[in-house]
Amino acid sequence: MAFALKTLLAQSAGSPRAALIDDLVAANRILAHEIGVLDAYGHVSVRDPRNPNHYYLSRAISAGMVTAADIIEYDLDSKAVGQDRSDGYLERFIHGEVYRARPDVMAVIHAHSPELIAFGASSVPLRNMIHVGGFINDGIPIFDVRKFGGTADDMLIRNQALGKALAQTLGSKTAMILFGHGVVVTAASLPGVVSNAYFLNMDARVEEQAIRLGGTVTYLEREPGAKPPPPTTAAGAGANNRAWEYWKRQVTAK
Amino acid sequence: MAFALKTLLAQSAGSPRAALIDDLVAANRILAHEIGVLDAYGHVSVRDPRNPNHYYLSRAISAGMVTAADIIEYDLDSKAVGQDRSDGYLERFIHGEVYRARPDVMAVIHAHSPELIAFGASSVPLRNMIHVGGFINDGIPIFDVRKFGGTADDMLIRNQALGKALAQTLGSKTAMILFGHGVVVTAASLPGVVSNAYFLNMDARVEEQAIRLGGTVTYLEREPGAKPPPPTTAAGAGANNRAWEYWKRQVTAK
Amino acid sequence: MAFALKTLLAQSAGSPRAALIDDLVAANRILAHEIGVLDAYGHVSVRDPRNPNHYYLSRAISAGMVTAADIIEYDLDSKAVGQDRSDGYLERFIHGEVYRARPDVMAVIHAHSPELIAFGASSVPLRNMIHVGGFINDGIPIFDVRKFGGTADDMLIRNQALGKALAQTLGSKTAMILFGHGVVVTAASLPGVVSNAYFLNMDARVEEQAIRLGGTVTYLEREPGAKPPPPTTAAGAGANNRAWEYWKRQVTAK
Amino acid sequence: MAFALKTLLAQSAGSPRAALIDDLVAANRILAHEIGVLDAYGHVSVRDPRNPNHYYLSRAISAGMVTAADIIEYDLDSKAVGQDRSDGYLERFIHGEVYRARPDVMAVIHAHSPELIAFGASSVPLRNMIHVGGFINDGIPIFDVRKFGGTADDMLIRNQALGKALAQTLGSKTAMILFGHGVVVTAASLPGVVSNAYFLNMDARVEEQAIRLGGTVTYLEREPGAKPPPPTTAAGAGANNRAWEYWKRQVTAK
């Protein structure tokens, strides 16, 4: 299987598909090695823009070691395309069902950021503190898988039904906390989803630090009467692109 | 002595024993260099599955520099097997007595994680916050060596009697905090004990962060009426194995 | 354009201008790789001491990858000198307008330090805790771009008018927090601005830690009746120079 | 001058003096690169055991770049021996006066640890939390240089008189916080002083974390009626030596 994809990649070097998979590999390594969003667990996927019913996601290995040969093509039922594989992430339904429910989403991260799990457990809501966190003003829902048939003993998004419930709770938002588990982050591009995940973690740390100072806290709310920007539009796309260029170079040089 | 073990290892390259020692060396380096569980102090051991009355543990050096030649084979009295050695860890009785009392335990870590010592000193109990921390719901006892003859001036598990008291306080739990000292973590395998130690630290940080936010905190409790899984079963063995594969590659590449 | 500057640099190797640009490149890399002041975002500039109406600043890339070929020469209107470029930082007006308003300032950093954004959001003021933070006793204003025509949706210093408002709020101070955004730090030299930014972050962390301990906090106030030192004089210039020498060597060796 | 010392070192390779300077270089690099006690600022010295009226300390450069050629031999007046040098640390009087007042002290560190400056500013005292922090039970005085003629504008130990005042406040203790500035740590050996500084920082973080949990905190007090161990005896010399061996190898390998 890996062989089939390798052959295909060799045939299509320089093609849009090869470039997309190259970026997905970079995103895996950036998230694991440069910006602390993924540890040995968690995953990132990208939708195929030429075939929006398919998406790409690594086989079940740690993001920090993903190469192009590890990438699997999935349909929106989260079944590997044209092959029968048992080495995928158990929770790949997160990706498939978010892509199905949200045509605007082109990339998805599932991470286990401690600072966001803490907000999921607290009655204090995550709020926007930073100019690049506009999407936080749209709200960050908290999804509790136990209300949809998941069990406290693993909390995993084990199947399509739980993936659908998750996508429904996400609604039109950019990101969501999974109670006792982690986070789902979306965007209209791979550079965008990497930046959104980076800024979501940063926002949580800033809010926590501001609260700890013990005074009153002023949040960065949306302009009164302002229309929210499309939720998957990364704030500051130009800045995100230059961060992406830098981070990608850092993981490529290594 | 090191020579004898080296010879033996050379003779048995590829044997189960050589593979076990190879994994123990990797565990030492992962804990020191990849996941911040061990600093220059602390140790990790593994029981010999073919001879459950013996276990392997490095001579008294920092985990970050352990090689196969440093590994000593101990019996459950924590005496080096077939040799007379004085270069072992003073606190090796932690390992021997836990293996004696707990046939299900195959690997043991003794660490000095600051976030867990803090919980040992606080009246606020460590509770489960994360889907991979099911074992925390079984309870994390706090062991105070001063109640068993240890002294405040060193708090060390200096002998078999203190090791036995420690194992008795651990009981059937997966992990325990040593007041003013550190932690003991167990599992049914080396990958499991590494993951358990990693998640125990993470849980402590998440709980601390959730508390600091100042609202009410919701813990991830066991399903009402649910039977606890065997305490040394690492949550998410599949995920743990892929973390182990990654971490092991990271320390081997270096 | 990059070509023109490269040629010029080659012609003037060892010249004061080449040395200045060499130091600016080092400052970019120190801030990104050694002392955690800049992540993939933010920038640092230096005024040309032989032509105080001009300053140097990288094109819009991450500080961690800046080389001499990326440096652009700007006038105080933040227009590239002798060329028409569209690849500069959008927020370069921060630099141009601070240089215009403050003849004593020779170097400027714009960063997004989470610990300082937290103070910008809190009613608790940043105060001086450390012997190298004397400039904090002069006061750290908080600039809210929304009061000057900026919008909550990006908070950026998009044009000269916002840059002028920012410089006016900075007044004669050494550093200023941008609400919901980041910080501006100044000094009379590149080594000075790097140290000031480093100590400003450190001061914020010390104050936060002191507050969290829950007792009363004693701040390090200026000597009663003491005249404030010139605000852009870095405290401990000797010590700053030896830190600069070290950090520069660290990023040059890499 | 550096030449003279180099020649001397070459002549005496393998001598006790060369070994001592080798260890001092290692201590500088361990403190800067391995355990986060020194950043670009601060210093470490060692007394000459064969000539207790002399001590060794680097010229005024960052600890992370010290080599044997940078080491200066001082008398207890903190004057360079047999030469006239102006490139020493301004605050070398910390070392000279502590050695003069405390014949038991063989090594001294001056650092600027944020977590300890925070305790210096708080009414909450630093207390012992960890089994290796027995010396903290003897008390950690807080020295305010302003009461002895120092000024709030630099807080530095600029001369012998301030050094004497500092040594008097230290008394028989192992470590002391300098208000608004940093810390002085002592021990009977270089490995001991490195460990003491490491554990002092760790203790501060553990106490802070325990306090933040919001419950009651139990400290690790000395055994009732127990005689304090000599204050410069590092707790767990054996463990310290193995940490030292490891850290030294880490900085030598680089």
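For reference, chains read A, B, C and D in written order, and residue numbers begin at 1 within each chain.
Keep this in mind: a contact is a pair of C-beta atoms (placed from the backbone, for glycine too) under 8 Å apart; a residue touches a chain by one contact, two chains touch by 3 or more.
This is a predicted model, so every value here is computed, not measured.
The chains in contact with chain B and with chain C alike are A, D. Relative to chain D, the chain whose mean Cα position lies farthest away is A.
Inter-chain centre distance (chain B to chain D, centres taken as mean C-alpha positions): 33 Å.
Chain A and chain D have Cα centroids separated by 46 Å. Contacts with at least two other chains are made by residues 212 of chain D. Judged by the touch criterion defined above, the protein chains form a single closed ring in which each chain touches exactly two others. Interfaces, counted as pairs of touching chains, are A-B, A-C, B-D, C-D.
Looking at the complex, you find that chain A touches chain C at residues 128-131, 134, 202, 205-207, 209-210, 212-223, 226, 229, 235-236, 238-239, 242-243, 245-247, 249-250.
Chain B makes touch with chain D in their complex at residues 39-41, 60-62, 64-65, 90, 112, 114-115, 117-119, 121-124, 146, 151-156, 179-181, 208, 211-212.
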